[in-house]
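After the structure tokens below, expect a handful of questions from me.
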Amino acid sequence: MTDIRGKRIDCLDKGFVRLIDYMGDDNAIVQAARVSYGEGTKQVSQDRGLIRYLMRHSHTTPFEMVELKFHIKLPIFVARQWIRHRTANVNEYSGRYSIMKEEFYLPDIDQVRPQSTLNKQGRSDERLESEQAERVLGMFRESQKRSYQEYEEMLGYDLAREIARNNLPLSLYTEWYWKIDLHNLFHFLRLRLDSHAQYEIRVYAEAMAEMVKEVVPFAWEAYEDYTLYAQKFSRAELLAIHKMLALAGAQELDDANLKELGLSAREIREFRDKMSTIDDVHEEVKMPGSGVSE
Amino acid sequence: MTDIRGKRIDCLDKGFVRLIDYMGDDNAIVQAARVSYGEGTKQVSQDRGLIRYLMRHSHTTPFEMVELKFHIKLPIFVARQWIRHRTANVNEYSGRYSIMKEEFYLPDIDQVRPQSTLNKQGRSDERLESEQAERVLGMFRESQKRSYQEYEEMLGYDLAREIARNNLPLSLYTEWYWKIDLHNLFHFLRLRLDSHAQYEIRVYAEAMAEMVKEVVPFAWEAYEDYTLYAQKFSRAELLAIHKMLALAGAQELDDANLKELGLSAREIREFRDKMSTIDDVHEEVKMPGSGVSE
Amino acid sequence: MTDIRGKRIDCLDKGFVRLIDYMGDDNAIVQAARVSYGEGTKQVSQDRGLIRYLMRHSHTTPFEMVELKFHIKLPIFVARQWIRHRTANVNEYSGRYSIMKEEFYLPDIDQVRPQSTLNKQGRSDERLESEQAERVLGMFRESQKRSYQEYEEMLGYDLAREIARNNLPLSLYTEWYWKIDLHNLFHFLRLRLDSHAQYEIRVYAEAMAEMVKEVVPFAWEAYEDYTLYAQKFSRAELLAIHKMLALAGAQELDDANLKELGLSAREIREFRDKMSTIDDVHEEVKMPGSGVSE
Amino acid sequence: MTDIRGKRIDCLDKGFVRLIDYMGDDNAIVQAARVSYGEGTKQVSQDRGLIRYLMRHSHTTPFEMVELKFHIKLPIFVARQWIRHRTANVNEYSGRYSIMKEEFYLPDIDQVRPQSTLNKQGRSDERLESEQAERVLGMFRESQKRSYQEYEEMLGYDLAREIARNNLPLSLYTEWYWKIDLHNLFHFLRLRLDSHAQYEIRVYAEAMAEMVKEVVPFAWEAYEDYTLYAQKFSRAELLAIHKMLALAGAQELDDANLKELGLSAREIREFRDKMSTIDDVHEEVKMPGSGVSE
């Protein structure tokens, strides 16, 4: 495996993610798990299998044994969402000590979109009509330029930097070092790769995902299978699935079939357990007039 | 609602959970969410609906606004599992400052069970045969008694308490104050109410669940529906479900049917989205020879 | 003691701190300590004395047993400093869900000051000359007004709120619920009441200090005596003090004298220990030619 | 600098600390600080000076950018104190999954000491008289042996491991991987190197201190000067020092003198500030009849 320390991916118009350093890899996860589960891990003898088992069963502590440190340049409004993840270490560029640079985020015209009607917090998949989009970008551009001129004028009066910067907009770029363990990074990515996350932070999440994939390929694969592309169904939704299957008289798939779909022998057992739990739930819940003809 | 401060539930043979104090209730969750989502929460106008929405979509921060403080008496081996949850505040009785009391956990004979053959870490559902079980309990009883006599003898020589206590077994009871926010308590309970959790800690989790149910009835109900009794399916398992449905030619349930199963209008939309995502995943993943006749 | 839930203190030109709720008081600290130290606390029999002992000896966990929840309205640049304290729970108003209000921080002219020459990060004690100060305030005022007009124009085109808000300056007000335990609040206050903290966050720290003082008067008093108004001396500084005392042939103060200065009997012993430690350090460190005539 | 990954130091009779891996060194601290303070760090141009400045002024975040991972074998009663530090990642050997080994901590006879009369929680500097000490060690030895025999007998009946282990004493050894950032490790060490910490955990703290010293020599030196060997004086103690100096008519030391004691130019200014603050405090506090003749 090549060492990807120093790898940099550009994000948005002026930002980037750079992987400064990391400690540990797939092997470090396995090593930690073998301390915890001792003899218990012999049964799951291979590394990939063990990592997949840990991920599937939310045995999260071995993933905490890998640590990654990034250098990130990002707009302040993105930094404000990002910092809500409290489990990381951060050193941010300080506008009290230093002069902020004239670097602002200007959205690509393709991202100048209306409020979503479906999603209370996000933007639509449509674009604003072109004249309005241009007008919006023009206002951004002018406003950024003007505010930086004012910032410079204020600094020219020797106004304290900690006051002068407050006239700058949230689209201003800042930088930080950000260090986090793999388990908490997976949690961050689950939230920030989600389609409901703001586009501008998703771009960074995707860049980090690229890097993580290279540092811990087995863990990443397990993360995709059991977290990213997994789906949780509520109690009532499980009933609905049960009912769909029951009404259609669906048959259980046999082992060969399940294996073909990618389930390991152990996962096949686990899947059968889950499906029979659904049936049990169904029995327990009294549903007057549910209309299921059983 | 009655104030349940002071409520105590006995656990195991000599332990207990006592709810010392708490701050906030269902209303505090709603109040915090309305600060965050402002106008956005008008659409989900009723408190119960809002709480269910927050839980369903993992908007966890409003649940952090409720805090509970317990007084707990528990065996040390349970305390050792418990303390791994790092997001709580703890004040434990100190065996350096004070003399430990002669109180040990002696399992009920019904819990004296063999190693599980299915579950690497747990006990079986069977019981040990009665003679052996009695022998085990006898050893426990004798060993506890003797170790406490030795402890007292050592203290009689004025041996430092911090040394003398180290001869006492892990079945010794300790006590602590334990304070945690509701979101992290839900996380604790999800792990410790689980059938894979050790019986002795599950008993405490169940006692706390009783109390939480009374403090935040709406949040508890949502927690059951969307977390406790929810089920997560991996990418491959979703394919399996898809295939079962497809092979049987299952039909989508109509809205009336889903409503009858307990889904709200919004949840019906969300469920349809999930099911169509499964279909999409199915299309995307190339499965040579998967044998599904579509 | 009167219940001060709901108490509000205005901060800066449009902000405030409001104490929503709290759990525990001086008595809760004492109660938790007595669980921990059991018999050990009998010697420090009175509540005030026990709290002072805990604070003095950094026994911090009993202070974690008190929890406070605030509603705060503050400019975004203050929020950015504040959020760096990771041990609190936060629900912030979301500019993705809701429209930001036209409320900006405009510094009082008295706070429009030049960069400090002593303190790399702060402002001077001087004021900018009046014409320049007026010019600065004028720029702030105009820029805030204009940026809000642009924000409204963008929303008029139905631009997504999550994009439109990024043109607004850091002086914009936001709101949040903020919940923290007393130990971590004391840590926050120590940093943010400090003269090196930015004036605008100090104002909020002072408001919260007022409230804490009323909720836990004994703990606050101990906090002032042993933390806020305490002073830490480095190894070399201790040598300097030692030398000053030695060169002048200073005498130890007698107990009556120390008592008069406010030290308890126990603190007198501790003080004498510290002073003799300084002397020991002095002996150990070889200082060629230090010129102390001993 | 030699790579000390893999370095192992034996602790107590059967334990050890082994440094598995680490990320970052003195240079990583400097690098992170330069991101934060940007231009501001030019004035403190050299690495050692910058690290000392950061430590002295509690700018702790750059120290969080170094991470260390240890493999530790330790008695359970030590593990119980250790785990109270919640800011680390842990993977512990599990007595549910695996069979505990027959390894118990037996104190050296030199550590078999009476309860301290000065220090409520600790042991005295004296030794127990030899006959009693032998008796104590004998009880420990016998009890450990017997409890392990019983453990094996119980496992022979196929009793679940999670039950059988509860008869084992707190002197049993366990193992874990423990990962922590340098700032939090410094905090751990400050508490656990302290003379009030239990001897058995202090031994481990000293072993880790040895390793840290090699990984970050500048940071360690600063840590000693400004934390470990620093001394905090309460408000009243500062008055006492002030009074001692005043009564003796002590003179301020001149710069040359302070430099000789090891203070940098910047520290000399800071020291003079502190000493004049003490004088100010003295003025402010009204002390009727304090008897200081000024």
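Per-chain residue numbering starts at 1, and chain names A, B, C and D are given in the order in which the chains are listed.
Basically, contacts are C-beta pairs under 8 Å (C-beta built on N, C-alpha and C of every residue); 3 or more make two chains touch, one makes a residue touch a chain.
It should be emphasised that the depicted structure is a prediction, and the values quoted were computed from it without experimental measurement.
Trainee: Would you kindly state whether over half or under half of the residue numbers at the chain A/chain B interface are used by both copies, giving same or different?
Mentor: same
Trainee: Between A-D and C-D, which chain pair is linked by the larger number of C-beta contacts?
Mentor: When C-D is set beside A-D, the one with more contacts is C-D.
Trainee: Taking the mean of the CA coordinates per chain, how far is chain A from chain D in Å?
Mentor: Computed value for the inter-centroid distance: 36 Å.
Trainee: Suppose each chain is reduced to the average of its Cα coordinates; what separation in Å results between chain C and chain D?
Mentor: Each chain's C-alpha centroid was found; their separation is 25 Å.
Trainee: Which positions in chain D are in touch with at least two other chains?
Mentor: Counting only residues that touch two or more other chains, chain D contributes 37, 40, 90, 94, 97, 120-121.
Trainee: Would you mind writing out the residues of chain A in touch with chain D in their complex?
Mentor: Chain A reaches chain D through residues 21-24, 28, 31-33, 35-41, 61-62, 64-65, 67, 69, 71, 89-94, 97-99, 175-177, 179, 181.
Trainee: In the complex, go through chain A and note every residue touching chain B.
Mentor: On the chain A side, the touching residues are 37, 40, 43, 56, 58, 120-121, 191, 224-226, 229-241, 243-245, 247-253, 257-258, 260-263, 267, 271, 274, 277-278, 281, 287, 289-291.
Trainee: In their complex, what parts of chain C are in touch with chain A?
Mentor: 75-77, 79-80, 83-84, 86-87, 90, 94, 96-97, 105, 107, 111-116, 120-124, 128, 132, 135-136, 139-140, 143, 146-147, 150, 153-154, 157-171, 198
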